[in-house]
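Comments concern the structure below.
Order of writing sets the labels: A, B and C. Residues in every chain begin at 1.
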Amino acid sequence: MVRELYYDEVFDAQKHFRALLDSMARPGKINVLEPVPLDPPPGLNAASALAGFALMDADSTFEVIGMMHGEAAYLASNTNARRVETAKAHFIFARGSESPDFLESADCGTLLYPDTAATVVLQLDAASRSPLPGGLRLTLEGPGIDGRGVLYVRGLNADLLLALQARNAEFPLGIDTILTFANESGAPALAALPRTTRVSWENC
Amino acid sequence: MVENAKFQSSYSYGFIDETTKKEIRRKMLKAICIPGYQVPYSSPEMPISRGWGTGGLHLTLSLMGRNDVFKIIDQGSDASVNACNLRQFVQMMTECAVTYDTAQATIIQSRHRVPEEVLTDQQILVLQVPQPEVLRGVERYEFRTRQMHAEADYARMWVSLYESYVRFGALMRGAGYPIKVNSRYIATPSPIPRWDTPNLSMANCLYLFGAGREKRIHAIPPHTRVEPLEFEDVRFKVEEFRGILCSASGQDKAFMDEIFDDADRRKHVINDSNFLDKVKTGPRPPQRLFTNPE
Amino acid sequence: MAYNSENDWLLRVRGLTKIYGEPVNSSVDRTGPEFASNICPESGAIVAIANIDFDLYPGEVLGIVGESGSGKSTLVQLLYFDQAATSGTVLFRGVDEGRTDILTLSNQRKRYVKNHLMGMVYQNPRDGLNFSFSSGGNIAEKLLMAGTFHVGNIRGRASYLLTQTEVPVQRMDETPASFSGGMQQRVQISKAIANNPPLVFLDEVTSGLDVSVQARVLDLIRRLQQEMGISMIVVSHDLGVIRMLTDRTIVLKHGRIVEHGLTDQILQDPQHAYTQLLVSSLL
């Protein structure tokens, strides 16, 4: 369990946050994060770690789903965030291949305070604007998207998309999702699906 | 983790400490995920008074990085006292580049105007908001306005527009015309003139709204439908400036200030100072113009 | 009034109960008219109403009579969602054809029902009207909530309603604050019927008015009800009002129904001691 010494809390956090902001404002848009020398545990990719470092601190809570190799301790010690049960977590880290059960207890906010909903960080094998054989083709519509957007993903369980759709059915309640992966060059990258995005999918 | 040694100085990069910036950043993201909804945030103390742009500063300083180019205008002017003070502060705190040129800026902070020149997908407009609660005029209590937003119970807002029309012949007097964002939340666009309001809809840039005194952030993502509230038979209209030309540039089709010269003659001048500079010396920058319905 | 078959009900209430405080299992059984009390002796919980059952038919006017504390206003507040019930079911023909308990609807759906399918006239006009809006604006609120966003149509409808309720149309743009009590009530009535709802509640609507004004408002209500065929639930402590407006009546005491039946029959031949007391004091 490593404490990262090369991560710049001021400038790396700022740059990565801007990338995340841009992706969240333009759902489906892929942004590459400026890489930082990191050594996360095997279950966590670099983009997830960097997203966690950019957003979480001692006031945040998180949970990791199905990760057993010190991922939770890594996130906790590097951000001072607290690990809690899924229902109370602000941030939930999971693999895209995970089964959707954990989404049922994730906090989707209240009508009075929809901003208290959780953010889910889903790790994918790959994502791209060009077709990925064996993956899913996502068609995206909604705020932030000019007309329709397309994103190809691999390593995303379609059941998760179905479960997200159900949880996001009654706007403003819903869960916001960050998709993390390594791009073709191996650099950490992300895209985002806020709860306002309408997603339809088919196999590639 | 090691804080960047260069900034182990008497204040943080961007003045606001990293923990607070993170909180503001988290709230900004949630605001984007719920277009038009007012997210409560910490609104830390700044070295300027409330009511002078602290909300805008919170957003700007949490966004700003070393590669950003910063522009700030106050009622259209880069050179006004407030704009100069805030620009100096931001530059000192972030060592960023600054510009008057709308097209060059990556982050634009503004009070009471949206720039005439169309903004791109590389730009963020941060608007300063005095009163973010659009329903405050019809309901004093926060717990009730929050309930009204939660249930999309906007009847009273509509009645107040009806009453305004019946009494004064106009749906809304003053600045800050109420808008419906993404067909769900009714919000204030901040006290911008009606001329600017259509610019918020289906734009390429991101709009962020910061209210420091009231401690709320709201957002309008790009390509989001924003509709000014109107009735089927009483429609939203922007200011017309029919037959009026800017006395400094001879141009029309921009939001004009009305001024009286030393001989008490009434003149109009384009309000957006950078846009005015550009049309005086070169081609007209691209704009989005709205045509009033019949 | 046409013959209504059993299943033609507009509103079906079963077991409606409202308890304030922390009840115990026996709270309901140890309160009520036999005990002359709403307060549970063991837990201190207040059983405002319990086990209320009744049906309301289309075009029918149902009276609810009782003294202060009988629970009559509470009953109407529960049906209009001004308060949350403790238990019971309410079926309403206008919602899922009467298959869904409207007490379980989400807030958004309840709001829809209130705006489109119900009207409410309160005893105090300040509860039903916003005095910072004009009378026309108050009616507009109801029309806007039902989806009319056309100023011309709103004003047209508001003028029509005010004429129907005998409020001078020239005063449409004045706030109700400048109106007499009777006129304020008539503005409330206009607002309540603005969307032609199938069901309107009237909660002690004439209690604050003097007698001659009362008579005029009651006449108006009766005329509108007959012309529009609205079902009404009329709450009053005044049997005179009940006699004038209602077809059937429910008598409440300490939160329970002690008598119910055709208004004429109850007035002529009251069965329960309490009803007899009420009728005997009717002038």
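Everything below uses one rule, namely that a residue touches a chain if its C-beta (ideal position, glycine included) is under 8 Å from a C-beta of that chain, and two chains touch if they have at least 3 such contacts.
No experiment lies behind these values; they were computed from the predicted model shown.
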Worksheet item: Which pairing of chains gives the most C-beta pairs in contact?
Response: A-B
Worksheet item: Taking each chain's centre as the mean of its Cα atoms, which chain lies farthest from chain B?
Response: C
Worksheet item: How far is the middle of chain B from the middle of chain C, if each middle is the mean of its Cα atoms, in Å?
Response: 47
Item to complete: Averaged over CA atoms, how far is the centre of chain A from the centre of chain B? Could you give it in whole Å?
Response: 30
Worksheet item: When the centre of a chain is set as the mean of its C-alpha atoms, what distance in Å lies between chain A and chain C?
Response: 52
Fill in: Numbers and ranges of chain B residues touching at least 2 other chains
150-151
Fill in: Multi-partner residues of chain A (at least 2 other chains)
111
Response to the item:
Check: chain C positions touching at least 2 other chains come out as 107
Worksheet item: Residues of chain B touching chain C in their complex?
Response: 150-153, 155-156, 158-160, 162-163, 165-167, 231-234
Fill in: Residues of chain C that touch chain B when the two form their complex
107-108, 111, 130, 133-134, 136-138, 140-141, 144-145, 149-155, 173
Fill in: chain A to chain B touching residues, read off their complex
3-11, 13-15, 17-18, 20-21, 24-26, 53-60, 78, 90, 110-112, 114-115, 117, 119, 143-146, 171-172, 174, 176, 194-196
Discussion item. For the complex, give me every residue of chain B touching chain A.
Written reply: 1-4, 7, 12-13, 18-19, 21-23, 25-35, 37, 39-40, 63-66, 121, 146-147, 150-151, 182, 184-185, 206, 219, 221-225
